[in-house]
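Each structure below appears as structure tokens.
Below are two complexes that have chain A in common, paired first with chain B and then with chain C.
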Partner chain A sequence: MNIWERMQVIDRRWVYLMVALAVIIPFIIPMKFPISITPETQSLYDAVEALPDSSNVMLVFDYYPSTMAETEPMAVAAARHFFSKDCRVITLSNIPLGGPSMAENVTRLIAEEYGKVYGVDYVNLGYKYGYVSVLKGMGQSIESIFPTDNSGTPLSELPIMDSVVNYDDIAFIFEVADNATADYWIAIVNAGYGVPMGVGATAVMAPKFYAFVGAKQIVGLLGGMKGAAEYEILIDQKDAAFKGMDIQSLVHLLIIGLVVMGNVSFFFGRRKRSREKS
Partner chain B sequence: MTSVAILQIWIVAFFTLALFSFLYKDNPVYKLAEHIFAGLTAGYQVGLVWDTVVIQKLWDPMIYDGKWWLFVPGILGFLMFARFWPKYSWVSRVSLAFVMGTTSGVFITTQLHGLVLPAMKSTMLPLGGGGGLAQAVLAIIVVVGVVSTLIYFYFSKEHTGALGVTAKVGIWFIMISFGAHFGYTVMGRVSLLIGRVYFLFYDWFGTFSEIF
Partner chain C sequence: MKTGVPVAVSFVAGLIMVVSFFFNEETTKVGGLSQELLNWLIIVGGFTLLLGVVSITRVNWSGVRQKKEGWIYKVFTLISIFAMALPSLLPESWSPLFGRSAGSIYDWLFVYLQAPMMATMFATLAFYIASAAYRAFRARSAEATLLLITATLVMLWRVPMGEAFLNLFPGDIPAWLNTYIMNGANLAVQRGIIIGAALGASSMSLRIILGIERTYMGKG
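Presenting the complex of A and B:
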């Protein structure tokens, strides 16, 4: 058995070990791979930057805890950008498993950084079952769908909601998602009510959302950890996603190398087999 | 850090490592973690639907807000349980018919208006729209890609001759799309791994100094 044939039957655990090393090494030795800004991230940043100060905006936490590594840096960066522009941030979630509590944790943490007050500068509406009815219902009245915030305080007692009745009063929606609810925000809220939207999607979902950018249904897109890292660079707050990109780049190089080696070994192995047959 | 927070971190670390142990080979610790996760999720969903639908949307409005007419959807929902008894399972079709009707009504308009029509519009780009040659080439590529991919999925005629060539072009577009999806999927999965490694390195290892 020559080297090419041996490579084709390599135990998958060696690959796992190589990936583990590629993840751990940048922790010890930072590599500082360059990160370029994509037009989709830039246009999303520009759209938020162009909002008048103190606009009412929605930051939607439509992701499960399992994808926090990708999505939370997007939500954190978006919250920082909104608060830095003194926007009034309304958060909600269509995800029952952890959505409202993640919205609570992220916004409270970032609000403290910017000295923002709950109920005045931001509010967490929490979760309601049935996202299609929720999204449609908020077009009539947000209070009819969320009579109280996540902690049970009536919205009528929160000053931030004085100027907000429905989507007409929302200047921008930033949807951070790891599932199909983002499609419904686009199909129902953007198409139906014309509210400008930006989407932060997991990398697995990102290719699909380029079509929405092309169709101008969303102003921009953050695709996975790379998108989050780009946004962190643009708002000048390098954080978790930026730090993770060193590892991403190294693992990607490793996987590219493995794909090339796998293909080369396959073709050389095939040539040897056909030579042996003849 | 409180002892409860430390305990929480250790539980998360245990389940993370238990699930990672599958990478070496299937084992009882992995199975335990998997079963606990499945059980917790099922239990949580039942509690969630009970609280957010049955209590908040049905019981409370009916009893405390006087919205007595909600007993109609309540009964329709109750009829769904007839599926458990084969003799009476036909009763559940009444509720299913209602669900199918409303879902079709909502989704057909939403999907057409919100997704299909804008997507079609964005494939019909002007060749001389002021974007220069690059814009024109891009517009042509989009049209060729859409048409050839659709033809690949047209199965009522054998893919030979011009139809076969166009379908082959469609395959190329589909393959490029798969490549993009695969690349992004790798990035997504590596991101999740990075998240877990960050947790183990910073949060879990961080508790060591507090305990030992």
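Presenting the complex of A and C:
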């Protein structure tokens, strides 16, 4: 067995060890490569920046805890941007598995940074079953779909909801998603009610949303952790995504290296086998 | 009866939703009716969640009683369900540990157990993907080679270190990738997929409304 054939049957635990090292090393030795801003992120930032101060906005937490590493930095950055503009933030989730809790914890944390008060500057509507019905129903009346907030307080007792009836009173929707609910927000809320929208999606989902950016159905897009890091740079609050880029850089390069190595060993191994046959 | 009633309900409900699209929701009766149906959907959906809890409890409880293989895991499943569900259903006015707000039992279990466990499960994918990429991602054909080259370039472009590497070459490769790969080939293909999926969903909906498709009733 020559080196090429041996490379093809390498113990997978060596690969796991390399991935582990690629994750750990940037923690110890930060590399700090410059991050460029893509036009999709820039246009999303510009759209939020252009909102009048104190606008009513929706920040939607449509992601599961499993993708928090990618999606939560987007939600945090969006919340910071909204609060820095004194926007009134309405959060909700179409994810029963932890969506409302993530919305609660993220907004509460960021609201404290900016001295915002629950019920006055922000509210968490929580979760309600059936996103198609929920999205469509809020077009008529948000209170009819969510009579209470996530803690059970009637919306009529929260000052923030005094000026909000339905989508007509919402200036912008920022959807952070790791699943198909983002499609429904675009198809039902943007197309049906004309509310401007931006989407933050996981890296594997992001390519799909380029079609919606191209059609101007969404004003911009954050694609994966890189998108979140770009947004953190734009709002001048470098945080988790920015730090995570070193790790992602090294793991991406490792995977590319492994693919190249795998192909080289495959071709040389195949050449040896064909020589032996002839 | 078992077939006729569900088909009739599907037909009427589907028809109302289709027709209401062309009417004002707030000023017409058809629009109001569609809104009413959507409210029903939320209520019925809430009961399906309850049904799910009842079902998972019954299945796991019978497994525990009969001491089936792996019954101890079923015990943990049952404990987990009720440990999270029951305190979250009790009113916050009784104790700050109840309900779903920060500091409650539900929130504590979610933040310190469920979220890290789910994130850990998902993170292990990175190890499998790396191993699978090494073993399976081969340039065996022209199409596979094209996919491999495109994927490599996009992967490089999406990370700062890779982008710095691409910038070593003449021409603005990152901008080229964004314009021609993501906003060019990718966008065109995604649009095709989205339109195809929408047409498929429309035809499936029509089949259900007209009673041709009956698999949702467990019938072919």
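The working rule: the second predicted complex is superposed on the first by the 278 of 278 C-alpha atoms of A that agree within 3 Å, B and C clash if a C-alpha of one lies under 4 Å from a C-alpha of the other, contacts with A are read in each partner's own complex, and residues count from 1 in each chain.
The rule is short, and it goes like this: a contact is a pair of C-beta atoms (placed from the backbone, for glycine too) under 8 Å apart; a residue touches a chain by one contact, two chains touch by 3 or more.
The shown structure was predicted, so the numbers you read here are calculated from the model rather than taken from an experiment.
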Checklist entry - On chain A, do chain B and chain C fit together or clash when superposed? => result clash
Checklist entry - So, A:M18: does it touch chain B (first), chain C (second), both, or neither? => result second
Next on the checklist: In the overlaid three-chain picture, which partner chain does A:F27 touch, first (chain B) or second (chain C), both, or neither?
Outcome noted: first
Next on the checklist: Just checking: does A:T202 make contact with chain B only, chain C only, both, or neither of them? Give me first, second, both or neither.
Outcome noted: first
Next on the checklist: Going by the contact rule set out at the top, does A:K216 touch chain B (first), chain C (second), both, or neither?
Outcome noted: first
Checklist entry - What is the contact status of A:K226 with respect to chain B (first) and chain C (second): first, second, both, or neither? => result both
Next on the checklist: After the superposition on A, what does A:K85 contact: first (chain B), second (chain C), both or neither?
Outcome noted: neither
Item to check | Per-residue contact with chain A, leading partner among chain C and chain B | outcome: C
Next on the checklist: After the superposition on A, what does A:K238 contact: first (chain B), second (chain C), both or neither?
Outcome noted: neither
Next on the checklist: Quick one: is A:A191 in contact with chain B, with chain C, with both, or with neither? Answer first, second, both or neither.
Outcome noted: first
Checklist entry - Looking at the overlay, what does A:H252 touch: chain B (first), chain C (second), both, or neither? => result both
Item to check | Stretch of chain C penetrating chain B in the combined three-chain arrangement, among 44-52, 62-70 or 134-142 | outcome: 44-52
Checklist outcome for this item: Going through chain A, the residues touched by chain B and also by chain C turn out to be 16, 19, 23, 66-69, 96-97, 128-130, 132, 136, 203, 207, 211, 214, 223-224, 226, 248, 251-252, 255
Checklist outcome for this item: Note: in the complex, chain A contacts chain B through residues 13, 16, 19, 23-24, 27, 66-70, 96-97, 127-130, 132, 136, 183-184, 186-188, 190-192, 202-204, 206-207, 211, 214-217, 223-226, 240, 244, 247-248, 251-252, 255
Item to check | In the complex, chain B residues that touch chain A | outcome: 23-24, 41, 44-45, 48-49, 52-53, 56-57, 106-107, 110-111, 113-115, 118-119, 121-122, 177, 180-181, 184-188, 190-198, 201
Next on the checklist: If we count contacts the way the header does, which residues on chain A are in touch with chain C in the complex?
Outcome noted: 8, 10, 12, 15-16, 18-20, 23, 31, 33-36, 38-39, 64-69, 96-98, 100-102, 104-105, 108, 126, 128-130, 132-134, 136-137, 139-140, 144-145, 150-152, 203, 207-208, 210-211, 213-214, 223-224, 226, 245-246, 248-256, 258-259, 261-263, 266
Next on the checklist: Applying the document's contact rule, which stretches of chain C touch chain A when the two form their complex?
Outcome noted: 25-26, 35, 38-39, 41-42, 45-46, 48-49, 91-92, 99-102, 106-107, 110-111, 114-116, 118-119, 121-123, 126-127, 129-131, 133-135, 137-139, 148, 152, 155-156, 158-164, 174, 178, 182-183, 186-187, 190-191, 193-194
